Every structure is written in C-alpha cells, then in structure tokens.
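Below, each structure is written out as structure tokens.
Both of the next two complexes hold subunit A, though its partner changes from subunit B to subunit C.
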Partner chain A sequence: MNDVLATTLVGIFGILGSLIVLASALAMFKVRDALSRINVFSPATGLGMPLIVIAAYVWTLDDRGFDWPSLFIAIVAVLCLIIVSSVASNTLSRSSVLSGQPIHRKTSPNRLAKPPAGVVDEDPDAPAGGADETAGRS
Partner chain B sequence: MNVVVSICIGILAVAIIVGLIRVLTAKDMGSRAVVGDLVYFSAIGMLTFIGMQVSSSIVLDGIFLASMVGILATIALSRILTRGYR
Partner chain C sequence: MMRILHGISYVCYITWAIITGSYTVAVRLFRVGKPYARPMIVEVPLRCATDLEVTLFASSITITPGTLVAAIAAGTSTSPPVLFVHALFEESEESALEGLYDMESRLLAMTRGRAPVSAARDAVGVEHSARAERASDHAADGEREEQP
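Showing the complex of A and B:
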C-alpha cells in the first residue's frame, strides 16, 4: 500500500477513535449518575475502539501486506468489542441498580423508579389504613 | 506516521487523565467502576499505538486479546458492587 495513503487512513481512523474515547471521558462530567455514565461510555467501546482496531489493521496492511489471519483477527476483534462491551455494560448497569447507587432525578426515562403499567404497587410495610386507602383509590 | 501515532497517544492520555479526575470527584462506586473500564480501554488503545510506533508485529493480537478479556474486569467490578450477589 502507498505510504501516504496508509498514514492518512491511520490518521483518520486513529485520531477519530481517540477523539471519541476522549469525548466519552468528557461526557462523564456532564451526566450525574452511574447509569448515565455507563450509557455515555458505550460510544467509546462501540465506535471508538473499533476505529482504533481498523487503524491498527491498516497499519498492519501497510507494514506486512495482506494476509487472511490478520483480517480474521481484526474482524473478530471488532465483533468482540461490540458484543462483549454490550454484555459488560448490561452487567455493570444491572449491578449498579441492584447495589442501590443513587440515580439523579433528571435521568430520564427512569422506568425503574415507578412500577410497570397495570401493576398496583402496594407497600407491605405500610399501616393497614393507608393500604386500604390506596386500594380504594385505585 | 510517527506524528499521527503520537497525536493519538496524546489524545488517549488526556482521556485517561480526565477519567482519573472524574474518579477523584465521583461520589458513588458505580461511576468509579465505569471510569475504571474507560481507563482500561484507553490504555489498550495507547498500547496499540505504542506498538505501531515501535513497529511491533503483535499490534492486532494485543488489541484482539484485550477486547476478548475486557469483560472480565467489568464483571469483577460489578460483582464487587453487589458484594458477590448476582
């Protein structure tokens, strides 16, 4: 591959991917709770890191020429980043909700804060009079 | 090529520093776990670019393995958050 072309492509993909990771890091100051931080972190792993993998593949292509194992490794690395990081984000957000991390009042939509539609949410610890009143209203 | 790679390493280093400042100022453990993940992936990116700079032959292998085992750190942090409960 032409050296100038390789440098240009590595620059475009590498700098764009690094900037997306930096933007995710800066966005962590904008949002106020752990759930939203997990949310703004997804572009870094879903788009920024695959761009860096593509930059690494273009560099390998320029350095050693084309071979199938490198292409396979690059494709599997991109797929791993997308799939594995999604599962990891899901696990981390689930555990942060389960462990009772504070959720900012402006996090929206926060469907976990209220019961699903059609479910009557009765507090078992509430006094008997209060429970009857709630049932009567609904 | 060296200039481009150095710029990328610099941007990722700034991302790590910003994340560490966020760890210092964050009050809840969930945010710290997320920032730990961010630092991990930024470090992997930096390692990749350093490999390009020294003309290493395992650039792709490194980022491939790191992306495959990256879930382990996150799952360990989430288990720590829930104190071992699933």
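Showing the complex of A and C:
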C-alpha cells in the first residue's frame, strides 16, 4: 500500500476515534445523572474505539502486508467492542435503576415513575377485598 | 434469503444510527444557550416475542447513542414485554416511540423474514386492553360464583 495513503488513513481513523472518545468524556460532564452518563458514553465504545482498531489494522496492513489472521483479529475486536459495550451499558443502567440512583429532576416523561395518561395505576399487591376490588365486583 | 437481505439492511441501519447518534452527542457540546439534553424515560410495549428478539432489540437500542434500556418488564399472557428506554435527544415522547418502533420493525423483518403486519400499540392501548381482559375475567368469575 502506498505509504502516504496509509499514513493519511491511519491519521484520519485514529484522530477521529480519539476525538469521539474525547467528545463522550466531555458529554459526561454536561449531563447530571448516572443514567444519562451511561447513555452518552456509548459513542466512545460503539464508534470511537472501533475506529482506533481500524486505524491499527490499516497500520499493520501497511507494515506487514495482508494476512488473514490480522483481518480476523480486527473484525473480532470491532464486533466484541460493539457487543460487549451494549451488554455492559444494559447491565450498568439496570443496576443504576435498581440501586435507586436519583434520576435527573427534569426527566420528563418518566414512565418508570408515572403511568401513561389515561391509565389508573392500581396496586397489584393491594390486599384482596380492598376498595378497588369491591368497586370492580359491584 | 430474505432474512439475509433484511439482516444486511439492519446492520447498515444500526451502523448509520451509531454514526448519526455519535454526531449528535458531539455536536450538542457546542450549542450555547440551550440545554445539552432533554432526558426522558419512555415505555415501549414490544411486538418482539422470543427471548432472542427482545435481547437483540434491547442491545440495539443501547448501542445507539442517545437511547439506553433502563428496565425490562416481562410479558404475561395478557400483556407484551415492555422496555423502559432512557432517551436524551428526542423532541417528544411520540418521536422517540416512532424511532424505536421503526427499529423494531426492521429487527422483526430480519428475524421473521418479513415485517410485522400489526401496528405497534402505544402504552395506553396496552394498559387498557390488559385491563379490559382482567375485567372480563373478573366478570366471568363473578358469574361462576353466583351459580349454585
């Protein structure tokens, strides 16, 4: 591969990936609660890190020439970053909600706290024979 | 064959969603005088039926920057599984649900080979139909109790 082209591609992918990771880190300072911080971090692992892996692969391609193991490792690395990042974010967000972390006060609507409009929220654990049950049977 | 085509189309769609979502996260850093994000948690009753579909959909939502699955409610015989999705950059609850249902339709087209024919129900509709079924069950129980 042409050296100039390879260096340019490595620069573009590497710098773009690094800037996306930086943008995610800055965005984490702009939002206020744990859920939002987990949310804005996904560009770093979903796009920034794969771009850096692609930059590393292009550099290897230029340095050593094409071989199948390197391509396989690069593809597996990108797929793993995307899949693991998704599962990890899910786990983090669920643990954040279940541990009772406060949610930003301007979160609206918050369907975890309030039911949709027009729905009366009945307590399924209310004791049998309560007011609702009596009203329903009469 | 159709599943493979839908699968390729879905992968391209998710990749594009990741790129545009990352762009939104980065560009909003430079907005001056406006709030960075408009957080909301929306309720998404699913048309996904199997564990694989629900898992793929939840992972797809989470990997897209700007949306995150915060909680999952299991489905019952009368109500579908429900995802609670934390969205940051949507204008309204309706636009958030519209985007999520578009993604779900594309996902179901991949797993089932064709797009689902049933339109997505909103949370209010699901609650009301489940409530109506419970009420009819109660009525049936009442009739049975009245019979000697």
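Here, the second predicted complex is superposed on the first by the 112 of 138 C-alpha atoms of A that agree within 3 Å, B and C clash if a C-alpha of one lies under 4 Å from a C-alpha of the other, contacts with A are read in each partner's own complex, and residues count from 1 in each chain.
Heads up, the rule we're going with is that a contact is a pair of C-beta atoms (placed from the backbone, for glycine too) under 8 Å apart; a residue touches a chain by one contact, two chains touch by 3 or more.
What you see is a predicted model; the values in this text were computed from it and never measured.
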| item | value |
| --- | --- |
| Which superposed partner A:V10 touches (first subunit B, second subunit C, both, neither) | first |
| First, second, both or neither for A:R94, with subunit B first and subunit C second | both |
| A:H104 touches, of subunit B and subunit C: first, second, both or neither? | second |
| Contacts of A:K30 with subunit B and subunit C, given as first, second, both or neither | second |
| Partner chain(s) touched by A:W59 [first = subunit B, second = subunit C, both, neither] | first |
| Contacts of A:S70 with subunit B and subunit C, given as first, second, both or neither | first |
| Touching partner for A:P43 - first (subunit B), second (subunit C), both, neither | second |
| On subunit A, positions contacted by subunit B and by subunit C | 19, 24, 26, 33, 35, 38, 48, 85, 87, 89, 94, 96 |
| Subunit B-touching residues of subunit A, taken from the complex the two chains share | 3, 6-7, 10-11, 14-15, 17-19, 21-22, 24-26, 28-29, 33-35, 37-38, 41, 44-45, 48-49, 52-53, 55-57, 59-60, 63-64, 70, 73-74, 76-77, 80-81, 84-85, 87-89, 91-92, 94-96, 98-99, 101-102 |
| Subunit C contact footprint on subunit A (complex, rising order) | 19-20, 23-24, 26-27, 30-31, 33, 35-36, 38-40, 42-43, 46-48, 82-83, 85-87, 89-90, 93-94, 96-97, 103-104, 106-113, 115-119, 136-137 |
| Touching residues on subunit C, where the partner in the complex is subunit A | 18-19, 21-22, 25-26, 28-29, 36-43, 58-60, 62-72, 84, 86, 88, 93, 122-124, 127-128, 135, 138, 142 |
| Partner subunit A, residues of subunit B touching it in the complex | 1, 4-5, 7-8, 11-12, 14-16, 18-19, 22, 28-31, 33-35, 37-38, 41-42, 44-45, 48-49, 51-52, 55, 57, 59-61, 63-64, 67-68, 70-71, 74-75, 77-79, 81-83, 85 |
